[in-house]
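Heads up, there are several structures right after this.
Common to both upcoming complexes is chain A, partnered first by chain B, then by chain C.
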Partner chain A sequence: MLKSHLIAQLVNLLAAGLLLISFAMLSRRRTQRLILLYAWQGAILCLSTCLVAYDAGLTELYYSAALTLILKVIGLPWILHRLIERLGAQWDREPVVNIPLTMLIGLVLVIFAFGLAQPISEMATTITRNTLGIALAVILLSFLMMITRRKAVTQVIGFLAMENGLFFAATSATYGMPMVIELGIALDVLVGVFILGIFFFQIREQFDSLDLHHLEALKED
Partner chain B sequence: MPMPPFTFHAALLFPAHFLPLLLDIVAGWIILGLLGLFRPRSLRLTAHLLFPLGAAACLGVAILSGVFLATGHAPELMVLPLGLPNLPFHLRLDALSAFFLLLLGVSGAGISIFAAGYFRSGEGTAPALLCLQYHVFLASMAVVVLANDAYLFMVAWETMALTSYFLVTSQHRIPEIRRAGFLYLLMAHLGALCILLCFGVMQGGSWQFTFDAMRQASLTPFWATIAFLLALLGFGAKAGLVPMHAWLPEAHPAAPSPVSAMMSGIMLEIAIYGLVRISFDLLHVQYWQWGVIVLIVGLFSALFGAIFAAVQTDMKRLLAYSSIENVGIIATAIGLAILFEASHLPLFAALALCAALIHALNHSLFKSLLFLATGCVLHATRQRSLGKLGGLIRRMPWVAALALIGTLAIAGLPPLNGFVSEWLLLQSFLFTPRIPHAFLNMLIPLGAAALALIVALAAYVMVKFYGIIFLGQHREASLVHAHDANWLERLGLGWLALGCILIGVFPQLAIRAADSVTGPMLGATVDSQSSLWRIAPIAPEQASYSGSIFLLGILAVIGISFLAVRILAHGRIRRTPAWDCGYPWQTPRMQDTAEGFGQPIRHMFGAILHLELQLPSPTDDPPRYRVHIEDRFWRTLYEPVARAVRRTADAIAVLQSGRLSIYLLYSFLTILVLLVFVL
Partner chain C sequence: MREITLARQLGEVALAIAIAPLFTGWIAQCRAWMQNRSAPPLLQPYRMLRKLFQKDVALATEASPLFRATPYVLFGTMVLAAAIIPSLATDLPFAQAADAIALIGLFATARVFQSLAAMDIGTAFGTMGARREMMVGFLAEPALLMVMFNAFLLYGSTALPSLVDGYAAHPALIDPSVIFAAIAFLMVLLAENARIPIDNPATHLELTMIHEAMLLEYSARHLALMEWASSLKLFNYACVGFALFFPWGIATHGVDGTGTLLLAIVALLGKLAVAGAVLALIESISAKLRLFRAPEYLAIAFLLAVLGLLVHLLLGANTHA
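Our next item is the complex of A and B:
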């Protein structure tokens, strides 16, 4: 009982870390930093999954933790890092909405997410049910990051962070998704990053920059 | 009481189950199409092997379904474990499907053998691809007829629409053809949407989409009527009933001639099949008002088609409008049948439905024949405009002779097949006073008058069609080099012409086939009094017709005149130039033109047409005469709808700002709103 309580506390702590990282991502403008933060997010996710797996005695969750470690802590950050070096896209431009305002909107979103998660958390039986609000907040914050950034690379990082949030929501609410689905999602994310990487090169070739406002010209009148 | 000639042998020669064999043929068509892909550019493979084999398969379908009809088998059911999980394909072969398969087989055989000789290399789509599309088109039409659940029906129906779209746009480098194809695809999809909704209504809350379940479903009068109207809209769009006809005069001229023949000769009839299947079989004809609607739509389409055909100057457009007219006649007959059936007069309903079915069969024969003949003319002269043809009877005697049979048949002259169905339809109009509705039985005879007008106009159109193309003098010097059809083309044309003559002379055959449809469906058959020599659909003292005696009479008159001339005037014949009416100097330009031929009709029915006329002024050099005829429905129906769609689209397009962050914001807000609603 005590052990379980301790683990729940630890998971809550990690969840708080996850939320903090999300806010950090919102405020950062250097892409390399963002990738580092993304990797940290993955590491926390991996750790918390391991803890949940230990507590619930589910071997499946260990596998998904391992998958997280390989893909989100090592694989994707490395790919993105290489991409950015080759593209020379170290800096994002001034965001659409300035950073302090974004943080304020983020706060509102966190409150909103907690309000939403309240009724679900009461239904859930897992030890990690309190973290569902945080998971939801991470999803919304990542989405907010995608909206406010101008460069394609940062949007992709936002997209990946959103996936992290979804993963966390799944582990905290129902001890994770079935293995098949998890593998599928992991593969999707990997392939998605590859395809987006190709798109980066195409966009840069066309417009000599990764700035997305050039894409506005593609609109059909 | 004559026996069907092959009842005895059929039982010995043919297997007890027809449906598996028919499905084998359908699969065979698809395999034939795929075989061509091994050598996509090889015209010899497709022309000398695949199309003739396809024609043989058509013949097989015709024989199988003919035997099925003649022996009066019980309906055959089959479930194929294909398609989606838990949603297998249901198939059913009954008399109605067999009748339309017979139609498909007979016309398809002629068209396929013609197509073997028709397609040339280097024109648009590669021959093997055309061959694939063509055979998948055939197969999908056969499956539409055999389908016994809404799912398979829609799959086959859409396959039919798509393959025919690709066939229409086989010369896709020409912008007008792409435009015509798009219009066709649009109308086909609107129609398919209506049919889909119709099935949705007809399942009646059971969520079972097999036709068997739909037969059992009990619908309220309101929903039954909605289902019927949706079916009329959907199938009407495919069949070309006014006002959903706009695609027809665009798509038919755009397509290669065998494809036009298939679309006009078979596909339109398949749409008629759908209408008959749904209104008689699945909805069990409940209200006489349905009949009145179909009757009015049919008569109007027929009149509209005939008038527009009379003023066309493009030979394929002329035939396309003539198709609208013929489909209108078929719809008129169906409307009458519904009216009689709902008034509990099954015998007369059987007569009207019989007229509809036989006219469908006839139309598929003579319209295919004429479209194929225009294909020959097109290949020989590269001209579609009537104003540049003329005098081809001397250069293309085969095509001219065979087209003459089709022309006479479509004009409704005895002893050819067009007369039979139109006569049957007029007969059924004569029984409308028995309908127990005071106003209806007074008003419907007006329909008979309209029908007589339509038939006369159709004859007028055909005189114009044949006269301008084949008679007179060449209007262009290049026509001297026109060549006749090759032997495969002649074979195809001859097969269809033979069908026209056979049904005309022995209408008993067609009536017997139609009887085996009306018997199970309406519980009445019409030919109880017929013999080998004559048909008497209701009673011999009422009316009877004998194609064979008519033919014998014609032959006798010709023979007697020939002999009389030979015997009485023998040796005293001398050849002189024909009397030139006092105008010894005549040029091709002095002949009546297509425009001139249509002028009286243009004048009389000016109110229906939208006419733009430019007359030459006396000082013009050279004088120009230009007349442009437009369908009024374009301005009154299609353009407003198109504008409304455009306006709506523009209003929605405001959302499309082009900025990625705005798009993301849309999804973000959607998620937030959904979350608030759900939780």
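Our next item is the complex of A and C:
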């Protein structure tokens, strides 16, 4: 019982770290830093999954932690890093909403997410049910990042961070999804990044920049 | 009994006054090592103070009494703050007399006096420095208050000594909100003490100065007191940080004896050594921000502290109630 209590505290601590990284992502301008933060987010996710797996005695969760480690801590950050080097897109433009305001909106989102998760987490029985609110907040913050950034690469990182949030929600609320679904999602994300990588080059070829506002008009005037 | 506690209180204050310049010197030394320069001796700040105390004061002809009184006011407030902060023991008369909110008010008083004195002479740089200091101050203060509220919520009290006592009662408690509060506090500490992301303590370029610009008109013993007060301020902030986040070794309420007090002194020195090295490291790896980025930096500190509160309400409330 004591051990389980300690694990719950550690998972809470890691969840707080996840939230911290989401905010750090919102406040960063350099794309390389964002990728590093994304890798850190993956590492925290992997650790917390391992802890939950240890506490619940579920072997599948270890597999999904390993999958997280390979894909989200090593694989995707490396691919994105290479992509950015090839594209030369080290900096994002000034975001649509300035950064302090973005952070304030993020704070409101966190309050909203916590309020939303409160009744749900009361019904859950897992040791990590309190972290559902944080998982929800991470998802919403990643949404916010996708909305406020202009460059395609940063939006993709926002999308990936959102997937991290969903994964964390799944582990915290229900001890993870079935293995088949998890493998499917992992493959989807990987293929998605490949396809988006090809899109980056296409977008740049068409418009000479990765700024997505060029895509908003249907015709060239 | 009363005499003993009073003597301890005086001893604590005397120690704070004595080792504050040492702490500043230690940071400068660590910084020099990390930047591959040959370091100034550890006692350099004391030599500087001695030199300044021996010189004659040069005063501007327009200087008002406020300008002359400010160094003493500043030094006095910082000494009082050092008496309030439980750096060695919690069972002291001054530490019980004022809570953390009063402490923040004390820091604000010092800031107001310093800014007024900087504007007093009417030089452009002094006025500019005072304005910038007020801007940084009004942004940093709410963040600091929020950090304090985090700790207040955790232990249910606004007095720093009872926070330390509360920590001693549940030493194994890991509350996630503490990480947020600690990072926010570090950011505020750097901003309030004119350290690198906001201001450069070693700058000689007037246009980028904040803190130094306010001292430009001071000389001799006035300058010495101002410098001493600012190193005391850094020392005080470090001690507030220790009391909030690392209160190991501080002699708690009811625990008596010379042994614990000696242990507390050793613990304090050790923590200061580590903190100095960490501060020097942060200053070495980060670049000074443009002044217009300062609001963003402090807004982030404020938000982190508020997030800490929220996380505490969501997670902490269930875990240790």
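As a convention for this text, the second predicted complex is superposed on the first by the 218 of 221 C-alpha atoms of A that agree within 3 Å, B and C clash if a C-alpha of one lies under 4 Å from a C-alpha of the other, contacts with A are read in each partner's own complex, and residues count from 1 in each chain.
The definition used in the following text is that a contact is a pair of C-beta atoms (placed from the backbone, for glycine too) under 8 Å apart; a residue touches a chain by one contact, two chains touch by 3 or more.
No experiment lies behind these values; they were computed from the predicted model shown.
Overlay on chain A: chain B and chain C fit together in the combined arrangement.
Of the two partner chains, neither chain B nor chain C is touched by A:Leu183. Contact with chain C, but none with chain B, is seen for A:Ala15 once the two complexes are overlaid on the shared chain. When the two complexes are overlaid on their common chain A, residue A:Ile120 makes contact with chain B while staying clear of chain C.
By the document's definition of touching, of the two partners only chain B reaches A:Thr148; chain C does not.
Centred on chain A, the angle reaching out to chain B and chain C in the chain A superposition, using CA centres, is 150 degrees in steps of 10. By the touch criterion stated above, A:Phe112 is placed in contact with chain B alone, chain C being left untouched. When the two complexes are overlaid on their common chain A, residue A:Phe23 makes contact with chain C while staying clear of chain B.
Of the two partner chains placed by the overlay, only chain C lies in contact with A:Met103; chain B stays clear of it. For chain A, the partner touching the most residues, choosing from chain B and chain C, is C. Once the two complexes are overlaid on the shared chain, A:Leu215 sits against chain B while remaining clear of chain C. The superposed three-chain arrangement places the nearest Cα atoms of chain B and chain C 17 Å from each other. Residue overlap on chain A between the chain B contacts of one complex and the chain C contacts of the other is empty.
The part of chain C that touches chain A in the complex is made up of residues 174, 176-177, 179-180, 183, 295-296, 299-300, 303-304, 306-307, 310-311, 313-316, 318-319.
By the touch rule above, chain B contacts chain A in their complex via residues 656-661, 664-665, 667-668, 671-672, 675-676, 679. On the chain A side of its complex with chain B, the touching residues are 96, 112, 116, 119-120, 140, 143-144, 146-150, 155, 212-213, 215-220. Across the complex, chain C is touched by residues 5, 8-10, 12-13, 15-17, 19-20, 23, 27, 99-100, 103-104, 106-107, 110-111, 114, 117-118, 130-131, 133-134 of chain A.
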